[in-house]
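Chain naming follows the written order as A, B, C and D, and within any one chain the residues start at number 1.
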Amino acid sequence: MGFWGFLASLVPFELAQGLGVTGRFLFKKKATIQYPEVKPVPKDRFRGMFGFSEERCIVCHSCAKACPIDIIHIQDHFEEIEVDGKKRKKKVLDRYDIDVKRCMFCGLCEEACPTKPLAIWLTTKSYEASAYERNERLYFTKERLQDWTGVRPYPGVVSPKDGQMPDDPTGGSAAGRGEAKP
Amino acid sequence: MGNLEALKPFPDSEEMEISFGPQHPATHGVLRVLLRLDGERIVDAKPVIGYLHRGTEKIFERETYNGTIPHTDRLDYTAAATNNQALVGVVEKIMGVTVPPRASAVRVLLAELQRIASHTIWLGTHALDIGAQSPFFYTFEEREKILDLFEEYCGARLTLNSMRVGGQPYDLPDGWTDRCRTFVDQFPARVAEWERLLTTNRIWKLRTVGVGVISAANAVEWGLTGPPLRGSGVKWDIRKVFPYDRYEQYDFEIPVGANGDTYDRYLVRMEEMRQSVRIIQQCLAKLPDGPVMAKVPKVIKPPKGEAYFSVESPKGELGFYVVSDGGAHPYRLHVRPACFINLQALPEMVRGLLVADLIAVIGTLDIVLGEIDR
Amino acid sequence: MANPWVAFLLVPLIKIVVILLAVILIAAYMSFFERKILAYMQIRIGPNRVGPRGWLQPIADALKLLVKEDIVPARAEKFVYFLGPVLVVAPALLVFSVIPFGPAFKLFGYEVTPYLTDVNIGILFILGVSSVGVYGVILGGWASNNKFSMMGGLRSAAQLVSYEVPMGLSVVTVLLMANSLSLVKIVEAQKQAGVWYFIPGIVAFFIYFVCGVAETNRNPFDLPEAESELVAGFHTEYSGMKFAFYFLAEYANMVVVSSIATVLFLGGWLPPFPNWLAAVWALPALAWIPPIAWFVLKMAAFLFVYIWFRGTFPRYRFDQLMDLGWKVFIPVSLVNLMAVGLGVLLIGGK
Amino acid sequence: MTEQDKPTAPADTPAQPPAAPKPPWEEKPVTPVPQDAREHAQVREIAAAVPGAVIAAVEFAGQVTVTVDRERIVEVGRACKETLGYAFLVDLTAVDWQDRPEGRFDVVYWLHRHADSVRLRLKLQVGVDVEVASVTGVWKVADWMEREVFDMFGIYFGGHPNLERILTWEGFSGHPLRKDFPLEGIDTGAAVYPDVFPPGGGPVAGGEGE
């Protein structure tokens, strides 16, 4: 590139240009969030901690069938109940466990659930369901799925037993996950 | 690089065997490369893979067709949207389902956003491996904005599980298109900023020009696809050759490199990010309305037969080959992984280079071990 | 000075303690500033949890390294393994004995000079001592019995040696202008000449600083500890206090290069453009800033540029680094040396 | 409907002329039907290039599948590459039809021709422990793909430069993608979590492993 090219190559203009870019970033707004004090707010369709309500569940096993990794274990039995004179058989739920430590929160169980409002849904705000001890604490039985013992709900979110509805945007899954919310 | 014998000052000095990885900061996952070094010059390189093999194709055989979709998120975990697109595409092809235009548009939006997100990871880690620390944080800042858009649409940031056979499970939330437009409008300025940091930087050029060269003929012979192929000058992109999801409606160019070295592949990917921005802008401009899901039975049972379908994933041609026996579970579902086949050309590209160049070449191939090991 | 005991024992001892403490504190807080400034360049905040807004981070790091388990690799050469860090830190701290931080001034009636000694061969002493550091790196790399660290050690040996030459040449151009080896006299010469040497010796200044970056294995040239290739280069196998020594030595060397650059090219403790300014603006404000503050200000500017480099530039490959050293810097500094020599000859050497 | 292949117009003869033809996604999907494709242009080309090698040809969902004779695969491959221009071997895999008497495995090659962007699927049937000639001579890219098929199915490829396992580790016995390989995995003897698993080693076939 000739002598002058060699000399010109000595003066690093483009390196200075690079320095300019990083220099400008010195004064730009920072992106860090101080996590424990400031908690990031998930979006309204975030697939977070499970919500479950036993009354709405019609024990049809479709959520267990839809789950790709079969971590929803359901056991039920039939009971005779009297409904206005006629003998009717009704399915009663014995066991409804979700092995949350293996769950990948794909949301297929919620999509498969035929009940309206949903019996099993993914809440959109609570994501802090970690535990120190793997096997017990993250193996959610029917009771724990409802009263959320051992789950640190996001501020303002109540457990399903205390009335969290699936279409409640702060806690439940946005009803609009299916259709655009009115 | 000239023949290596001439370079051997001490004829009796034997070569040094080094195992590079699988725990190594620059192998983008659990890849191990057995290196035979003469001093710092690589005499031979032999990639060893399989550390992340989870038997995905075996698991596919027990899942329902919609149940396989979360597993495809974990193949190329930096590009979940295009993995989903390929899987649902092949099942729709074998069932003869036509997807409504709005579903195609949403898929194109998700795929192109995913292409940008995947390329930002590539640029961040590639620059970090070659020593420039800051681009990593700038690129990931932009990627966070894309992940927010994904989270808003389907509820997950990385493993999206956002498509179903026959269309999209849910429609775009209100205001999503505006937020997407604001992101896309400011993105080219960010890419220009990164280019000011790297493209003309003499150290970057010294580390990438002429490194890991592969000729066009060799690239086709080695079955390279995606940016590694286009970097060597072969103008070939599935979105143009076999348009899917109505890609023929959008006009965009296919960036092509000249001499197939790391610098050209870098330029190709940077240009691809800009082209993706153009596609998204066009898609947002004429977003069709209407249903997002075709009439598809609840339990997907494709007819007996086989079909292959591929998409242009950020890494190359990602194909799915499904064989159905008429049941609700795929009889055989094979993944044609882009990175697995691109990695095969690594020894050819690296022979005779220095150890530092191996890092640059691994970065430029943009490999993800999830897709390689399946 | 009244009795020799005080003059030659007590005062130097106090100075030594003060300078050593200052350097160690600067080096420790350099690591903190580096992490903070780098973070601010990368849209993040950096350490802000330890102590108020993170200010106690370096103390925490030091304590951590103190109590950390000190693993010695199995078949390492024990003695040489321990010698490595010592050989790196000692020269780095030794060099501070000759660096003049300010002019002599009165303190409680005594004449106090803010530098330890004024050796009349100051520059020679500095170049000689700072090249001993190379041994520490090579021995450390070789003794830790690890392929990667040996490669790191060999790489840094070649790099340090080959960048010593252009650095020396660019320093010689300053000596031509100041025709004295003693650092104090160099600053005095710049004061009389009324112009800092970085203006006539702009090329020498640029080469000196870039070679300084290479000497301390800093960013564009940080091959020996290139994380991506050699995992951590020569100090891979070191842990605990020995690793802290390498860490301290790196930052101390950075401070050394910055302070020498300040003395040689930016006129040590002189306020900017000593006589022009005073004549033209008669700025009393600038006059009362103590000379030591000027010195620290200029040194801090250099340290900031170090960190700025680290945040921006990719890394040279090893052979490119050697090419740059031998094929670009040495010829250019030679030509520059001759040019300045000619200049000094013509102008008659003020 | 993607134009990935010859656009065969789906035969949707509307029973009665509806007011406006409902868009295809509103109606039941038109499932493709396999047709015999002997006269297909691509198949005739191959039959001409390698007489006698073509056993059967099927067109399904717009993609042509040609079943060729196992012994002459390299010859067919070379013909496809040199004369017919299929320079790009996109994919090579296998399918295990467990209860098929004559040839248990299908080895499937998926070729691509750059000239007119046309794709073709070659298929051959091979039994257990029967060798298939390796096509690495024709397409270099087949190296790893064949190694993966060997690793997963146990099909030997004669003439392969280094036919060894690629995804599972050397000591692994068994071929995972065979239909008779248990989904839960086999006892590999690998001392995985010695404190959790019995001295026999890894997750026992069918064991919960917890």
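Please note the rule applied: contacts are C-beta pairs under 8 Å (C-beta built on N, C-alpha and C of every residue); 3 or more make two chains touch, one makes a residue touch a chain.
Everything numeric in this text was worked out from a predicted model, so none of it was measured.
Think of the whole protein's Cα atoms as having one middle point; the chain whose own Cα middle lies nearest to it is B. When each chain is reduced to the average of its Cα atoms, C sits farthest from chain A. The mean-CA centres of chain A and chain D are about 38 angstrom from one another, to the nearest whole unit.
Averaged Cα coordinates give chain A a centre that lies 27 Å from the centre of chain B. Centre-to-centre, using mean CA coordinates, chain C is 64 Å away from chain D. Each chain gets one centre point, the mean of its Cα atoms, and the points for chain B and chain C are 45 Å apart. Listed for chain C are residues 41-44, 311-313, each touching two or more other chains. Across the assembly, chain B contributes residues 134, 138, 141, 197-198, 201, 203 that each touch 2 or more other chains.
Of all residues in chain A, those that touch two or more other chains are 15, 18, 21-22, 25, 31. Checking each pair of chains for touch leaves A-B, A-C, B-C, B-D. By the touch rule above, chain A contacts chain C in their complex via residues 10, 15, 18-19, 21-23, 25-26, 28-32.
Within the complex formed with chain D, the chain B residues making contact are 49-50, 53, 55, 57-59, 61-62, 89, 93-100, 166-167, 220-223, 236, 241-244, 291, 294-296, 302-303, 305-310, 317, 319, 321, 323, 331-332, 334, 336, 340-341, 344, 373-374. Contacts from chain B toward chain A in the complex involve residues 63-64, 66-71, 134, 138, 141, 144, 148, 151-156, 159, 161, 169-174, 193, 196-198, 200-203. Residues 9, 12, 14-15, 17-18, 20-22, 25, 31, 42-47, 65-68, 104-108, 111, 122, 124, 176-181 of chain A are the ones touching chain B in the complex. Of all residues in chain C, those touching chain A in their complex are 37, 40-45, 308-309, 311-313, 328, 332.
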